[in-house]
Amino acid sequence: MTEILIKNGFVIDPLNNINCQKMDIAIKDGKIVEKVNEREAKVIDASGLTVMAGGVDIHSHIAGSEVNIGRMLRPDDHVKDVVRKTALTRSGTGYSIPSTYVTGYRYSKMGYTTVMNPSMAAMKAKHAHEELNDIPLIDKAVFTLLGDWWVALETIAKGDLEECARHIAWMIRATRSYAIKIVNPGGLESWGFGRNVHSLDDEVPNFSLTPRDIITGMAKVNAMLNMPHTIHLHTNNLGIPGNYKTTIETMQALESVYKGDKPVGHITHIQFSSFAGDNWAHFKSGAAEIANYLNAHNHMTIDIGQVTFADTTTMTADGPFEFSLYELGGHNKWVNSDVETESSGGIIPFHFKKKNAVNAIQWSIGLELSLMIKDPWKVSMTTDHPNGGPFYHYPRVFAWLYSRKAREATLKKCNKKAQRKSLLPTLDREYTLYELAIITRAGTAKALGLKNKGHLGIGADADVAIYNINPETTDIAQNYKPVRKAFSNAIYTIKDGEIVVKDKEIIAIRPGRTMWLDVQTKEPYRINEEMKRKFKEYWTVEFDNYPVTDHYIKVPEKITIQASV
Amino acid sequence: MVEQKLRVTLITGRTIDQGVAKELGKGSQEYFDNVAVCFLDSSDIKRLGLKNGMNVQVTSPYGSIVVKAKKYPYGTLSGMVFMPCGLWANAICSDATDSIGMPTFRGFTVEVEPAPDKPVLTLDELLKQEFGK
Amino acid sequence: MAEIFKSVVCPICGCLCDDLEATVENNEIVKMKNGCAVCEAKMVHGYKSDERILEPYIRKDGKLVPVSMDEAICKAAQILTDAKYPLLFGWTSSVSETQHVGVELAEELGGALDNCCSVCHGPSVMAIQEIGIPTATLGQIRHRADLIVYWACDPWSSHPRHVERYTAFTDGRFEKSEFKEYVQKLKAKASQKKVDAAIRRTQVRYQPSQPPKAAIVEAPPQSLAKAGRKMIVFDVRKTMTAEVADYFVQVEPNTDYEIFGALRCLVNDQELDIDKVGGVPVEYLKEIVDAMVNADFGAIFFGLGLTQSVGRFRNIEIAIAMTRDLNRKTKFVIAPMRGHFNVTGANTVFAWQTGYPFALDFSQGYPQYNPGEFTANDLLRRGDNDATLVISADPGAHFPKSSIQNMMKHPLITINPDWNAISRLGDVVFPTQWCGIEQAGTAYRMDSIPVTLKKIVEAPKGILADEEIVRRILEKVRDIKAQKNEKDIQGQQQILERKM
């Protein structure tokens, strides 16, 4: 394998406390090393450029059944964004839900090298993995939807968390997954008969437990299994005015699980769960309350789910939410897709407009949260792609964070009512490049428990992004446009020690790896007769045919963890 | 009274026998027996003076085909005849797609008349006649 | 020695039943357990019948002559590269892995790519693109549905185990099988038939001079109001499925749109000032709507009777619209009865690579989509394509005659395991393995659940998987193009040299 030496770049590497130091980064055999032979190595002159670890995305819907139904649903979305075949790259389409190859290319061009696909019905896991194989240039992993899985609900209701944990360990392995995803706990099961839950203490119909039981139970299970990431939680009441209270109650419920060392829960796309006001007419931001809570507590991490004002496609396992969005959003085309014993799902195209008060306030909420939560290590930057906007809009979000001027320029174009309600004019904070590196790679990798990602220390994966930004000579807040452009198009992206993007063009294709957890329980999980019988009852696919086999993962990276049950 | 011709709506679709026969092979006797047929209501069979298993000629604006007549086994089929989907039914279908890709496979008017002297062509005979191969 | 394979997946229809047991002796399947009649026909008899293609053929002087695999690959690649605009059609009885390479081949050739969806549920896909679809996996319906509607489809014939595995005759967590009731009903019917026959014998034969033209619809039975599962069938003709239903509504041909419209009005509490729609009295429709609204969970399955008759995708659109409206009152889902075992997979694989499920064109270097323009029958009718590759499908038996006549004007390459109609017409004929019998791979069930097909016997010697055939054609196409490029460059250089 070739050796690479990146010389004289301004390195920003928060996990190793390196802030804009002029230094060299050496790469050998796909890893960061102490030094390489300068005469033999390929030398990249990075003087005047910013060098960071490759970007890590904690939450982006890029593959799987839901995403693909979204693609099929929207030919109108694709015609405005077509991508030609080249000698090296495949053709495809965008806009809000790019086809698989295009997804890989666009992430790589932004200097991102790792992406988490955060929502996958276990029963459709093979599909998600087949698509992930077709997304080149980035490493990826999937989170399995487990919060409304009948077996989990039954074992939690019974109070037998150890049994629950063993089943979950099996499921994580069977679906080649990386984390436990919980969406509107209890709500998805209720949606089976067209209902929903509305508070943490509503009883889930036909199961004797509440969303609170599911959330705390799963967090404990997550700890028993020693999972690298926390539970990844989409709250109850998402998308409903006044839901910030539910969000705070959810975080409070998890305080009891916290042991003081590492976070126990991650609330995803929290913007959609930070609404105040009693109804849509009185809709306002609950960002201050959420930020205050998070500033006073250390047991949670979050990602933003920033709105970028795009004609996008919303998709979530939260079936009842999508139905209410259908009723609310002018009856656009609506897909509902329930999955037996496990989950539900919904899709609706949605155009976030600056001139719409609610949309503009949502935009403001995302930024308010990012600016008001003091510790950037608690925050990951996402748009909940494609829900808040497509992932390749990230540089716009960066600009709003590092430049007051940029957000003022956008706010000026927003709905007047939203402008009046926005807290942004009161917020002076501007993200530094160091902080930006935290919320886009270092902190994200830390929250995910990815040891070899998000930093450039010795032994880390040689995933590197080099941007045309000179931190010494550039006032990024003032010159936000060129910096934004620089983030859209990395000068170099290096994946596993190979240069894949050079001068903003893709020059090499390599498949990314799919990371998955082999969770080893103390006693090996043995499928007993009862479970086999249950399988026949619960699913319409045979037990033998259920698990994802090695065939489905082109380049696997198995991570073995020892559970404490 | 025996009539010469029947003007009816053609419905095409699957039958279990066609399903089984296609898996046995398109050249099989079972396929020929179960697909080169036209199902008529028992009253229509009488009107045309047919016997179960006699040949009929089914003609549409797009073509004409000779197949065996059979009595429709379930309930009434008044104003309609039914042919299992396959080569013989498609010989009288239209490639008009209403500009959306789907040809006109069913729901159009056909004429059905007895054809006691005309043979039902086998798969290979039909391919030769229609496509020259 | 007999070997038993369990949890075998049936590679025939969109049900993808995966609970089969195959007994294999001397590399031959001798027995299938749990399968339907169609499954048995294919897996015990059909796959090894005399209809099997055992070697590649090329048509020379009008006759198909056996050739080597290499010769057939070269010939096929040459035909495809020589063509200005080839059409690649079929794919739906192949595994996803094959479909995956197919997209790459179409892209490389700059040709048109379509799958059997365009002649089955293409209109359903278009309707979904218009207004979306509230749907669910089959297990969700099994567990919860207390009202099941089959509309313009006959699962008993086309998806023989659908009712038994996924709907009325299966036990779910919240709803139980109605099979016992069905048996009782059949018994009652049988004795009724005996009575009828006795009465007939005693009566003088009477023939009406004019048979009734309009369909006769019976009034809804009391059982529509009962608790537990209920099944209603709407169709233009009575079918075996209709026989087992609680209520059969015989509608006039080509009136589905009107009936859905009427039902939708009633669902939304609007009054209708007519007596009948499509031959069905409005008062009956009201009772049906009552049953729908009072259901805890309703499910509608529809078939080609809607997609192929007058109205096409508009029929589906209004059916979905009605289902959507029903979700304001209760839970209701709707799902197409997808035919070929991996037609859903073809839509799925095409969509993740290109954004579009069928009717694709690559002539501009990027994917374009337009049903009516890039759908197989339209291309053929207009004579747009100048070569055709058909894989794992039989348009020879299932396209209108005129489409095939147009196809015959240009070279035809076929990749199918057996001598179906289209193989008999081919100019280059490839044999291939049976997916799900000799070749493993992924298929997508009608509800988008991925299921892995198994390999249970070895293919006859020399017969390749279709994935490999397509991949080898693709490689050869790239070779030919590279050589051509080189020649062009050399040619240009020679011209330049001469000028100098």
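A few notes on this one:
As written, the chain order gives the labels A, B and C, with residue 1 at the start of each chain.
Keep this in mind: a contact is a pair of C-beta atoms (placed from the backbone, for glycine too) under 8 Å apart; a residue touches a chain by one contact, two chains touch by 3 or more.
In this text, all values refer to a predicted model and were calculated from it rather than measured experimentally.
The chains in contact with chain A as well as with chain B are C.
Chain nearest the geometric middle of the protein is C, using mean C-alpha positions. Between chain A and chain B the centroid-to-centroid distance comes to 57 Å (mean Cα coordinates, whole Å). Between the Cα centres of chain B and chain C there is a gap of 21 Å. One inter-chain figure worth recording: chain A and chain C are separated by 36 Å, centre to centre, where each centre is the mean of the chain's CA atoms.
For chain A, the set of residues touching two or more other chains is empty.
For chain C in complex with chain B, the residues that touch the partner chain are 12, 37-38, 41-42, 45-46, 49-51, 62, 114, 118-119, 122-123, 126, 154, 156-158, 160, 207-209, 211-216, 236-240, 242-243, 250, 253-254, 304-305, 307-310, 312-313, 358-359, 371-372, 375-378, 380-381, 394, 396-405, 408, 418-421, 424-425. Residues of chain C that touch chain A in their complex: 6-7, 9, 18-19, 96, 100, 104, 107, 125, 128-140, 142-144, 165-166, 171, 173-174, 296-297, 324, 327-328, 330-331, 333, 347-349, 351-357, 362, 364-369, 440, 442, 444, 448-452.
By the touch criterion given at the top, residues 63, 65, 68-69, 71-75, 77-78, 82-85, 90-93, 97-101, 123-124, 126-127, 130-131, 134, 150, 191-194, 206, 323, 327, 332-341, 347-348, 537-545, 549, 551-552 of chain A touch chain C in their complex.
Considering their complex, residues 1, 9, 11-16, 18-28, 41, 43-44, 46-47, 62-63, 72, 74-80, 82, 85-87, 90-95, 97-107, 123-124, 127, 130-133 of chain B touch chain C.
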